[in-house]
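Chain IDs A, B and C follow the sequence of writing; residue 1 opens each chain.
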Amino acid sequence: MTKILKSPQELQVLSDALLKAYDQNQTLLEKGGQLPPLSLLIDCAKRIKDLLFPGFYSDDLLIFENRQYQVGADLFALAQQLKKLISLSLCHCEDQPCLESERDQRADEIAWKFLEYLPELRNILFLDAQFALEEDPAAQYLEEVILTYPGFQAICYHRIAHWFYAQKIPYIPRGISEYAHGKTGIDIHPGASIGIRFFIDHGTGVVIGETTQIGQRVKIYQGVTLGALSVKRSLLGKKRHPTIEDDVVIYAGATVLGGKTVIAKGSVIGGNVWLTNSVPENSTITCAPMDIQSSTTPKKITTKSIKNK
Amino acid sequence: MTKILKSPQELQVLSDALLKAYDQNQTLLEKGGQLPPLSLLIDCAKRIKDLLFPGFYSDDLLIFENRQYQVGADLFALAQQLKKLISLSLCHCEDQPCLESERDQRADEIAWKFLEYLPELRNILFLDAQFALEEDPAAQYLEEVILTYPGFQAICYHRIAHWFYAQKIPYIPRGISEYAHGKTGIDIHPGASIGIRFFIDHGTGVVIGETTQIGQRVKIYQGVTLGALSVKRSLLGKKRHPTIEDDVVIYAGATVLGGKTVIAKGSVIGGNVWLTNSVPENSTITCAPMDIQSSTTPKKITTKSIKNK
Amino acid sequence: MTKILKSPQELQVLSDALLKAYDQNQTLLEKGGQLPPLSLLIDCAKRIKDLLFPGFYSDDLLIFENRQYQVGADLFALAQQLKKLISLSLCHCEDQPCLESERDQRADEIAWKFLEYLPELRNILFLDAQFALEEDPAAQYLEEVILTYPGFQAICYHRIAHWFYAQKIPYIPRGISEYAHGKTGIDIHPGASIGIRFFIDHGTGVVIGETTQIGQRVKIYQGVTLGALSVKRSLLGKKRHPTIEDDVVIYAGATVLGGKTVIAKGSVIGGNVWLTNSVPENSTITCAPMDIQSSTTPKKITTKSIKNK
């Protein structure tokens, strides 16, 4: 293959044009600020998940007898990376200290506080995995859920992201939740409040909005949206997504919208149902039979009448 | 950046708390068992795909003249990794030998048997790619399908996963299918039985359940669910997903549910149709025109009446 | 772990069988042709995105003072890789020069022309990011959009893919758009023509077809399909996907089909609407209230009547 034909001068012209474009529409970086690069954010997210379930995702901790040393070393390495990530993220908080030394100290405190949350988080995620095993007829082992289920990965990353959201750290919460979204097709805003024993099956296309509140033992299928009725910016900070109480099941493709909509406990929302109002306890809401048309019989028929042919 | 502030003693406290959490809710690993880490599983899945279509995905085999040596070396390397993966997976079979030497021998046999299946698998996948090329007006070359189409990646990984499912190996089938799900948004349970010349277009949101049976030359679009009417654990092992016969097309967003539901050959299921009953041969099932409302005309209008405005 | 049991002779048999399968159903590679491997294609796509927003995705360019040297070096490295990628891709053009030296020169020219487009592309993408920030009540910073939003990644990769599509280079356009599809769940055909200030929120399941035309300031939500009414191969090259004019909003799950369908400017298409006809300017199209059934009240009720209980 021949060498690239252009001269260093031509490369210089190109480089200058690009540098000019950066400065024409500046991001925080061009203004002299700092940002956590996505690569660092994803590295931290993976390290956290590895520490929650060592031996499952990466093959670093297969020797059971050595694990106490390994856990110590992994915790220390994570602490360093996490501190760097948090410190870079804090650059964007108006109400945070701007001196690098102060920011570093605050990052140190937050990183440590998160590491202290890990044992509790492991326990909560264990309950999520157990609930998936109990509820999914296709699940064979608890370990299979932890190792492979996208719904489990999604709730794992969500509970991490939600912790950072509660600390009001910029970038990290959304960065982690969008990383999980990309891996699983499940889009849970880091602000959503989700009770213990939560299970999403299949999951692709699920969207759960920022101010959603979900109780315990809730089960959700692919394509469910828990969303807002309006997306006006004036609603920022107000409750605009629904409340889902304990023991509710929401089947594939259902849409539940609005900050005042409450799905009361024990209810079942059927596939493709579109709901913008509250439903009382133990309701079962399903779509009316669909009107469909068949070319083999010219008249309009319902699903039921097809059966009788 | 300043060093992390905490002392070794504080790190020890943190590490002990995490180790205690591991032991409070033990997985197989904490009980002294073994598991295939996800990293090994994904490594094997990629190596298999590379060997089926050398030169397409990784850039290791670009020198055509050397390929026989390369194929031999790649087969040997895959055999070693696959054996390790299968051996670790077999730890979870109640009816499998527990001695490591016996398990290794069984893993060796299964790995070899799989490698022997590769030529047939290459032929079958070639037919899938050809069918996609024939059916998709946007496809230009066979190589484009193999290189880039998510529907092709999904059926490729599914046919691998299904082979391991048939051997009743734990973890590997679901691990491979969830890896493909994450890459493509297409969720095919490894148990699903799928005939030759199968094509999924676009694909995001497709869900195909464990006991689904699909004939030859079937075409499916994004968001289609072939699912169960009930998810009770008592149904485990029973046929609970539909049968799709030869030459059926199912358009985007359609839902077909139930183990007794048969879409007979040559039928076309329209977009968004919801079906829980069988349809006879060569049926065309579509939704009735949707009732929609428009703010520019206050009365309730159908799609058709809009056209006339 | 014991060694793999088979002899070199047995490995040879396996290798021969696989080589035979390659030759039984030959791709371009087995016919002596060349292809860009997916790994090279993805490497180029990532390098381009890194150069458009340095410091955001990889951590290579954090030292602001050095950036002019870094940008020059990164441009040069990208030029080399891009030239290799384009040259390998051009092997499949019937109307392109077949001599490697001629192909390399053409690849060089195309690579350079693309690099010259980078400053303009940066400016356009900046407008997309600004529009997302203005329209999404959950967005806090412009940098958050660029760093984490899947809709922004999708339009970024689409604008790159569309440039190569306009140059009629094989593989690269679809390769980049399917890479983005895999990362975001958003499937935009590289042929789609999209105006400035474009925003897709959440995005999973969005499908935008090859001949779609989209104006300025258009907003689209998850699960929207802008598709064709028919997928016959005879339609290849004809306009078969809709036209979406300026300032249109299309909510989650809506389907708009057909090459003659025009959503005129300022219109709002509600969630789950199914449209195959044009709508006039400033229309608001919504589904009629859904008929749903509730087990707590035996009679058929609408969403509204539930509210009154």
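Heads up, the rule we're going with is that a contact is a pair of C-beta atoms (placed from the backbone, for glycine too) under 8 Å apart; a residue touches a chain by one contact, two chains touch by 3 or more.
Every value quoted in this text rests on a predicted model; they were computed, and no experiment measured them.
Visitor: In terms of residue numbering, is the interface formed by chain B and chain C classified as same (over half shared) or different (under half shared)?
Guide: Chain B vs chain C: different; shared/all numbers falls short of half.
Visitor: Can you grab the rotation angle between chain A and chain B? Superpose on CA, round to the nearest 5°.
Guide: 120
Visitor: Per the centroid of Cα atoms for each chain, what is the distance between chain B and chain C, given in Å?
Guide: 22
Visitor: Among the residues of chain C, pick out those that touch two or more other chains and give their numbers.
Guide: Touching at least two other chains: 185, 204-205, 223, 287.
Visitor: Could you please specify the touching residues of chain A with respect to chain B in the complex?
Guide: Listed in rising order, the residues are 51, 53-59, 62, 64, 67-68, 71-72, 75-76, 79-80, 83-84, 87, 100-101, 104-105, 108, 111-112, 115-116, 118-120, 122-123, 126, 134-138, 140-144, 146-150, 183-185, 201-202, 204-205, 222-223, 252-253, 271-272, 287, 290-296, 300, 303-304, 306-307, 309.
Visitor: Chain B touches which residues of chain C in the complex?
Guide: It comes out as residues 1-2, 4-6, 11-12, 14-15, 17-22, 24-25, 27-30, 32, 34-40, 92, 170-171, 174-175, 178, 181-182, 185, 187, 189, 204-205, 207, 209-210, 223, 225, 227, 231-236, 240, 255, 273-280, 282-288.
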